[in-house]
Amino acid sequence: MIYVTRRAHFSAAHRLFNPAFSESKNIEVFDKCANPNGHGHNYYVDVTIAGEPDPSTGYVIDLKKLKRIIEDEFISKVDHKNLNVDVDFLRGVIPTAENIAMACWRRLAPHISEGKLFSVRIYETEKNFVEYKGE
Amino acid sequence: MIYVTRRAHFSAAHRLFNPAFSESKNIEVFDKCANPNGHGHNYYVDVTIAGEPDPSTGYVIDLKKLKRIIEDEFISKVDHKNLNVDVDFLRGVIPTAENIAMACWRRLAPHISEGKLFSVRIYETEKNFVEYKGE
Amino acid sequence: MIYVTRRAHFSAAHRLFNPAFSESKNIEVFDKCANPNGHGHNYYVDVTIAGEPDPSTGYVIDLKKLKRIIEDEFISKVDHKNLNVDVDFLRGVIPTAENIAMACWRRLAPHISEGKLFSVRIYETEKNFVEYKGE
Amino acid sequence: MIYVTRRAHFSAAHRLFNPAFSESKNIEVFDKCANPNGHGHNYYVDVTIAGEPDPSTGYVIDLKKLKRIIEDEFISKVDHKNLNVDVDFLRGVIPTAENIAMACWRRLAPHISEGKLFSVRIYETEKNFVEYKGE
Amino acid sequence: MIYVTRRAHFSAAHRLFNPAFSESKNIEVFDKCANPNGHGHNYYVDVTIAGEPDPSTGYVIDLKKLKRIIEDEFISKVDHKNLNVDVDFLRGVIPTAENIAMACWRRLAPHISEGKLFSVRIYETEKNFVEYKGE
Amino acid sequence: MIYVTRRAHFSAAHRLFNPAFSESKNIEVFDKCANPNGHGHNYYVDVTIAGEPDPSTGYVIDLKKLKRIIEDEFISKVDHKNLNVDVDFLRGVIPTAENIAMACWRRLAPHISEGKLFSVRIYETEKNFVEYKGE
């Protein structure tokens, strides 16, 4: 079993707030992240596939193919976008790194046919990142 | 002469567009960066001071003091903000890295009394950065 | 289940030696790290919490809160300190990265009430790091 | 149980192709990586050892010793080499990161006597890496 | 005056040797870099343009345009190539970082029409890099 | 003219204080850095040589030779040392990054015979660095 990881990147705006909270509760919970006009990040996405290398190629999965899946199914929908407004699969979700990671997993999983999706990691900044393993 | 650099960080949303351009001209010029709902970045700011070290301290400038100036005069105004809407000293300016660097210089320069401000560098992503030296 | 990581940083001096060893045994085992006057590092600490995101916030744990716990319980005790002399919870312990990681875990664990502490990673240099998972 | 990681580095040329494939099949599968005259990378290798710290040293394994094993058994054989031609333990193997990681594991495992080898990670670029845990 | 930098990346094989030298002289001068079957690197290229921002765009140069020039004129010729064999503009040149930087400058300079080319930096590894400013 | 840079690394302890200052003045000026038992850093050193490439080698300076000079004249004296106590060429000097950079320059300059020493940069942390150009 080998774990193969491909890193991708996107830049996006977001705002953290819960419409069911009062304004002051939103500020108490989300602080600066609740700023009404939003802020943004350079996000990194690490997608890990687990599987056995194919003896005829030495690959668990062709990384060109994995790169294309990540690009088509996820990056192209979120890059240079506002995550609260522009992304249909994040509608109704508070766009925390946790929720982005789970949404990314759901977008990618049906398209991985060599090996299996093992982990999605989202880096929001150099100091904050989350990992989801589908459990 | 020694050049001393302090790095700071902020996360912000922005949108690149010129209200004097037509919508299609904005898209032609700014492409994905013109997305109406904005996007965002983790910005790094490198501020360089040039001067002679003070023999009694070995410092060109006390970095705690420089850190506080950068925080008070610049980072606190832009961190977790929307650069098109929330920042008075960027009003009427297209918030490209070039314009952010010049605005940062103008904010900091009056407060540097040990050594002199030599350069402001803004990293928008790992692949794009600009430098302004006040010339 | 989501794994959320927050990175913190401290700079400290340390010296590796075992007072029960002879001087030559200390040099044989710890080599340059046994230098009597000490040396030091910029340490990075990655603290990982595992849990379910709260549906009303999208957070496993509020990272501002986690940041404060790491700062209050660990960083403030070790930053700009000598790990052999200045830190009561390292008294009598050889301050290797292994021992620092276990001490950090014991400091943080009682304070994590959202999710559970999953891992503490200490980077001593870019080339050396250790991870402790409480097992 | 503590997981201790040491990072090493090498620069090497390689070419991905399967002599059992036709030329066009090689290009279809390996694309630019099949270029007949090869290309190359700066590889990073993270070797992780799992074990209990020795109470008399605070070490799971002496990193100087681990560094020497990695250097002698692996880095010295691959650094500034052509992985398709110059490395006897990669003979007959397509030098993908997957196959390099498994070969590295087999080279190192017999020499680890303090703790046990837990993982070998090979970074081919900043965006592509693989991990092998001997399973 | 603003200095705008765009970073690009390529992976390539090379071998350092001078055909006018004897084999032993090549080994004396170039050491491991003279290995007959070559080795390789992940190269980073930082291209800096100096100019005044256009008031209607806030750009010194459109980075999408600069990215395309770097890609078309340089990266596409060297990425996943052997620098001794596959690159016509490096023919007859020992492919040191110094010579690659000067060749890159000569490829790009005729295509820069907004601002002027100020510097080309080539990183061969994290520890070795060179800069050329056209002087 | 090409600028060639080699990066080196050392880990050291230091304490910032001026024996001519009172204890309270030292704390006022140097704050946490004045902690009596010291603290420490992983320092990076970037040494830049300016010169014309030798046409027979493509090198401004053989980096193996530069690496050896940096190692012999500087790194071996400061690595895993206490900069206040163990380093003769820092005796009587407050070991700020500024003073370390100037001391490093004076150690290296007499040994550079290919090209000329152009700059010494000392990174104390990722956020603080200084540069000295011999002026």
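Which chain is which? They are A, B, C, D, E and F, in the order written, and residues in each are numbered from 1.
Note that in this section contacts are C-beta pairs under 8 Å (C-beta built on N, C-alpha and C of every residue); 3 or more make two chains touch, one makes a residue touch a chain.
Note that the structure is a prediction, hence the values are computed from the model and not measured.
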Which chains does chain A share as contact partners with chain D?
C
Hopping only between chains that touch, the fewest steps from chain D to chain F number 2
With a step meaning a move to a chain it touches, how many steps does the shortest path from chain E to chain F take?
1
Please tell me whether C-D or C-F has the greater number of C-beta pairs in contact.
C-F
Since chain A and chain B are copies that touch, is their contact same (over half of the numbers shared) or different (under half)?
same
Going by average Cα coordinates, which chain is farthest removed from chain B?
D
Relative to chain C, which chain's C-alpha centre is the most remote?
E
Roughly how far is chain C from chain E, centre to centre by C-alpha average, rounded to an integer in Å?
41
What is the distance in Å between the mean C-alpha positions of chain B and chain C?
33
Could you say which residues in chain F touch two or more other chains, in rising order?
126
Graph class of chain-chain contacts, one of line, ring, star, complete, other:
other
A full list of chain pairs that touch reads A-B, A-C, A-D, B-E, B-F, C-D, C-F, D-E, E-F
For chain D, which residues are in contact with chain C within the complex?
1-8, 53, 56-60, 62-64
How about chain B: which of its residues touch chain E in the complex?
16, 18, 20-21, 29-31, 93-99, 101-102, 126-133, 135
Residue numbers on chain E that touch chain D, as the complex places them
9, 11-14, 32-33, 35, 37-42, 79-82, 84-86, 125-126
